[in-house]
Amino acid sequence: MNSFLSTNAELIITLVKIALLLFIVLTVNAYLTWFERKVVAHIQSRWGPHRVGPHGLLQPLADGLKFLFKEDPTPAGVDKFVYYLAPLLALALALTSIALIPFGPDPIRLFGRDIYLGITPPDLNIGILALFAVTALGVYGVALAGWSSNSKYPLLGGLRSSAQMISYELALTMSVVGVLLLAGSFNLKKIIEAQAHRPEWGLFGWNVWPQILGFFCFFIAAVAETNRVPFDLPEAESELVAGFHTEYSSFKFAMFFIAEYTSMITVSCLCSILFFGGWLSPFPASWTYAHYLPSAILIPFGLWVIWDGFRYETLFGRIILPGVGTVLTTLGALLVLLPDVNGFIQAPFWLLSKIFVFLFVYVWMRGTLPRFRYDQLMAFGWKLLLPLSIMNVILTSFAILAKMQWWGAK
Amino acid sequence: MTAQLAVFFVLAALAVIGAVSLILQKHPIHSALSLIVVMIALAGLYLLLGAEFVAAVQIIVYGGAIMVLFVFVIMLLNAGIEEHTSISKMAGAPGLLLVVALAGFVAATIARSTESIQATSQTGELASTLGISNMLFKDFVYPFELTSFLILVAVLGATVLAQREKS
Amino acid sequence: MVPTNYYVILSTILFGLGVFAFIFKRNIITIFMSIELMLNAVNLAFVAFSQALGRLDGQVFVLFVIVVAAAEAAVGLGIIILIARSRQTLNVERVNLLKL
Amino acid sequence: MLEYLWIVPLLPLLGAAVNGLFGAKWPNKIVNGVAIGSTGLSFLCALKAVREFFESGQVLFHKEFLTWIAAGDFRVGFDLLMDQLTVVMVLVVTGVGWLIHIYATGYMAQEGGYYRFFSYLNLFMFFMLILVLAANYVLLFVGWEGVGLSSYLLIGFYFLRKSASDAGKKAFIVNRIGDFGFMLGMFLLFRAFHTLDFQAIFTSSTLEGWPVELSGHPGTLTFACLLIFTGACGKSAQLPLYVWLPDAMEGPTPVSALIHAATMVTAGVYVVARSHILFAHAPTAMLVVAIVGCATAFFAATIGLVQTDIKKVLAYSTVSQLGYMFLACGVGAFSAGIFHLMTHAFFKALLFLAAGSVIHAVGGEQDMNRMGGLSKKIRWTYLTMLTATLAIAGFPPFAGFFSKDSILLSAFQNENGGRSAGYALYGFGLATALLTSFYMFRLIFLTFHGKQRYDEHKVHVHESPRTMLVPLMILAVLSIIGGWLAAPAMLGTGPDYFTKFLQPVFGGSEAAGPEGEVRALELTLAGIAVITALIGIMVAFWLYLKGPGKADSLAKSMRGVYTALLNKYYVDEFYAAMIVKPLLWISTNVLWKAADVAGIDGAVNGIAAGTTAIGDGVRHTQSGNTRSYAVWVVVGALVVMAVIFFWPFGGKPVLGMLR
């Protein structure tokens, strides 16, 4: 038994990691829906979900149950194999892409082994390429779903999405090239470290400044890749009654849903890694007291949660919320007390907070922007975005050349 | 039977199965999917061969662009099950014979050349991406530029072809 | 370590299957795909040899091949769309008039 | 100018080009200006060149202007040659030609295609000059063919008349026969000497070491000379190829004067004289030339007796005079032949022009039976023509006397082929002289004397314009004094200047001027000649002036001979039956039906049909079925692989790629 453990340790650890990541991602997805609904509601000056649990916190749970127990009819005349394959493909690819993302630079030592945050070790030679490869395949889920449903609206949705994704993938890839030139590597870890080459500069060392153009191109293209507003034509409910997944219900639909949100997360990760210094703190390295920021956030937040919980008459409000609050508070306090743990926490903390910001932007956009018209979409992608990104590449390379010439750097 | 060998055989089997199913499938979209399987398997083989960059490009371009185009066109034309006509007499038994002969010749020729390769075979880890970029932009720069022209021409040609004639 | 022959044999098999499909499929799109299959087989041989000889030329050639394949796909699919429009069929055996 | 000798022939060519290209739109004056101007200029240039030639001490001038053909060691260039012989020819051609041009402006004034006529005439001048100036046989042949062409064009000038165009064709085709021989002769010479340049041949060591091919032992040179003489026969209307010349009278009279009397027809004589050294090596050929010439002279003269068409008479007399020239060459008196050529050019041109003037006067009538008593009406023409007649009849002191006399003398002295041959030649020559004077005066009497036999009311007789008369007079003067170059020798007061002048050319191959008792002989012979001529005149006078009708009765009394003569011995009919008919038959049945239709067309159509058949066969591969095409692609790939595999080093390229 023990021998088994020792021989296949790597395998076991990876499996555990996968399970963990799956759990986290799914939960996050669930609460992302809640978050989205809340924010959009407030943008539209509504309350949003607030019946199920305090602040509607249990709403995602309810939704999940609904998905599970809903009837799952298969429309007549569908291509069975492809019909079932499509959602699986979509979800699998989304999760794979997130599996390629490193959440922290250095490993934890457990059971005498280095265990990295993230499934793959952070210094994967072709990290970014691998990511693009996986996202490139993402289109199949949508397209096949649209085709296999043997129905008109989904087909249109599928066509739209495949065209749209191909078009914007070019811009996406092109806009990253600038960053790659600066970093001189495909390796995500190296890319992040390249942004810390002047530690005292803090957030001014990030790629977003030299690559501001590239960043915009990338972000817009990424939004288009994930079929989110204002690029959500494949699933334009007002025109195509939910587009490619019209014929899908219950859990297959949920898969598409999860896939979409997961890819949102992935894109946010990519944005923060490529342009916003990944897990780097925005403050200069010399400001050590910035390390206490997590606690500084956790402790007040926990206290507020406790106070908020006492406003409810229910058992839920009485017990659980205060409990959570106290946990958070103590966590913050512990971080203050255990500096090395705190130090280890920093990287994931910053990364996650950046991701959070981007997710908020996603939602924000959904709440505010109208949808593109199809021809506008194509024109925008081909005639504006692509040329801009190419121009960005050219400018960057010239800048680097000039730098080499005059400062002899690199 | 090392791990590498095992992986190779798995991927090879995948590729062959994909190719065979490309032939056996009646519906073009299934054929397309089988081809995608083949390509991904090949990408895996490239990784096994230490050609990471090529593997990535294989998936991005072939899997992510070309095959998407195929699927897109199939959907656009709403291609149905392939009807089984056999008007061409050449493409019958003689065709089969010829194919077998060709495969045999290819095999024989390559086999003749491979033992010499086995002789000169020296498996060094190649700094893949960097080396490729060096070659591409130093030794092969003119062909590279030519390919860019090729792409341009192809784009123009496709545009001209696909636009409906104004009438 | 996998011997180079294995790769070569595999690529030969794939190539042969590609040729077979090229001749025996009726759907024009599938035929096109079989061409892609052949190209892939060749690519595999290229990469295998390049690894065997410790030289990168092979991989560079693979890149070129991929570029060519992309261009070919763009134009070829355009042509296919035209044919389908004018002929209302994708069966090559029905497209046997050498004019539009 | 000698350095720029090429200008002499070039000027007429320019004239021809200008007139031919632009003349159609121009009024006659300008055309005249161009034509006469170009010929006159070239005449002046020729004079200048001749002067320089004399100043240079009469050394042979030979210049290579540019290379035309260069194959291995064989070179043919536009090389021009200037020696005494050339001087004579060039002056005759340009001078007489110029005069005739002037005459033609008057004669042709009323004709259509005026510019065309002069363009052709200038073209002829160009080719004739090339012919006489050429320094090698090939270039000479160019001129040779060129004059043939322009003669064809001018004979057929009135191409709307079928007889005219037929005559043109006849001339051309008969000349072809001669040209064929000429070419063969050239080839033979080239084979013998590996060059065709005159100087190279005549001074070549091969020729020096060449044995004189005695009579009865013919060799290369003999055959070469005979072949060349064939060409000469064609061009100079000798037996048996003379038939074209009488018909050539269909052309305008100036043409008859220039081409068919003065210059072109003498080309044959010129060629024989030019290659006299070769002939000197081939006595057999010489004898043949002499006999043919003599026979022609007599033969043509007999025909000339009974012709009633004025120009026909002159034509036959031309033929017979040419015979004289060949006779001269044949007996080795080349200078005498050339001498007669020159004088003949003068008086025969004059005769033709005068005849033209007569025809002009009586409104296009050519039959002498419709003339008569014109001497009062057209005095100048009458006088000039009379001069010419006396000259041709050989009365002293007219030009013909001296030239003809020297010919008869050398014939008499001829040793080649035995004395008897010499006597025979002389006898026939003398007879010809008799006949000549007879038919010439018959012409005069019928035309100018006796009562007029034309219709007063229809025909209004008038003297010709000055443009026509002036050349007549000049030529008349020439045909009087032209012969005096030889006078001193005969009178014993000095040498024969003409022979002396040509000595550098012919010195090698003919005896020096007559000396001692020879002169006595010469005088006696001359006397005999004059007497015979007088007899001829008497007969003519008796027959045609004294008692008109005597001629007819005589003709009746000897009807057979008369009709035979009138029909020119049926030679044309004979040729038609023996040559033309079979040729036609062969061409239609063998060449056309068998060779052309069956053979060539068959082959061509067969190839076409075969191609079609193959196409039909191969078409089935073009089924339009893409899958079949795919299979063919596979076949191609298979072939390539097979080559790579089975080629002895088939594996190598593959390995080469891998290393």
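For reference, chains read A, B, C and D in written order, and residue numbers begin at 1 within each chain.
As a working rule, a residue touches a chain if its C-beta (ideal position, glycine included) is under 8 Å from a C-beta of that chain, and two chains touch if they have at least 3 such contacts.
Given the structure is predicted, the values throughout are model-derived calculations rather than measurements.
Ranked by how close its C-alpha mean sits to the mean of all protein C-alpha atoms, the top chain is C. Contact tally for A-B versus B-C: the pair with more C-beta pairs in contact is B-C.
Chain centre most remote from that of subunit D: A (centre = mean of CA atoms). Distance from the subunit A centre to the subunit B centre is 32 Å, each centre being the mean of its Cα atoms.
Each chain gets a centre from the mean of its Cα atoms; for subunit B and subunit C, those two points are 5 Å apart.
Averaged C-alpha coordinates give centres for subunit C and subunit D that are 82 Å from one another.
Averaged C-alpha coordinates put the centre of subunit A at 36 Å from the centre of subunit C.
Counting partners per residue, subunit A has no residue that reaches two or more other chains. Annotation for subunit C: residues 19, 23-24, 26, 49, 53, 93, 96 touch two or more other chains. Residue positions of subunit D touching 2 or more other chains, listed in rising order: 623, 625, 627, 630-631, 634, 658. Applying the touch criterion to all chain pairs gives A-B, B-C, B-D, C-D.
Contact residues on subunit C toward subunit B in their complex (touch as defined above): 1-10, 12-21, 23-27, 29-30, 32-34, 36-37, 40, 43-45, 47-54, 56-57, 59-60, 62-64, 66-75, 77-82, 84, 90-91, 93-94, 96. Remark: subunit C residues 19, 22-24, 26, 28, 31, 49, 53, 92-93, 95-98 touch subunit D in the complex. Partner subunit B is touched in their complex by these residues of subunit A: 79, 81-82, 85, 125-126, 129-130, 132-133, 136-137, 139-140, 143-144, 146-147, 155, 158-159, 162-163, 165-166, 169, 173, 186.
Partner subunit B is touched in their complex by these residues of subunit D: 623, 625, 627-628, 630-632, 634-635, 637-638, 641-642, 644-645, 650-651, 654-655, 658-659. Residues 87-91, 94-95, 98-99, 101-102, 105-106, 108-109, 112-113, 116-117, 120 of subunit B are the ones that touch subunit D when the two sit in their complex.
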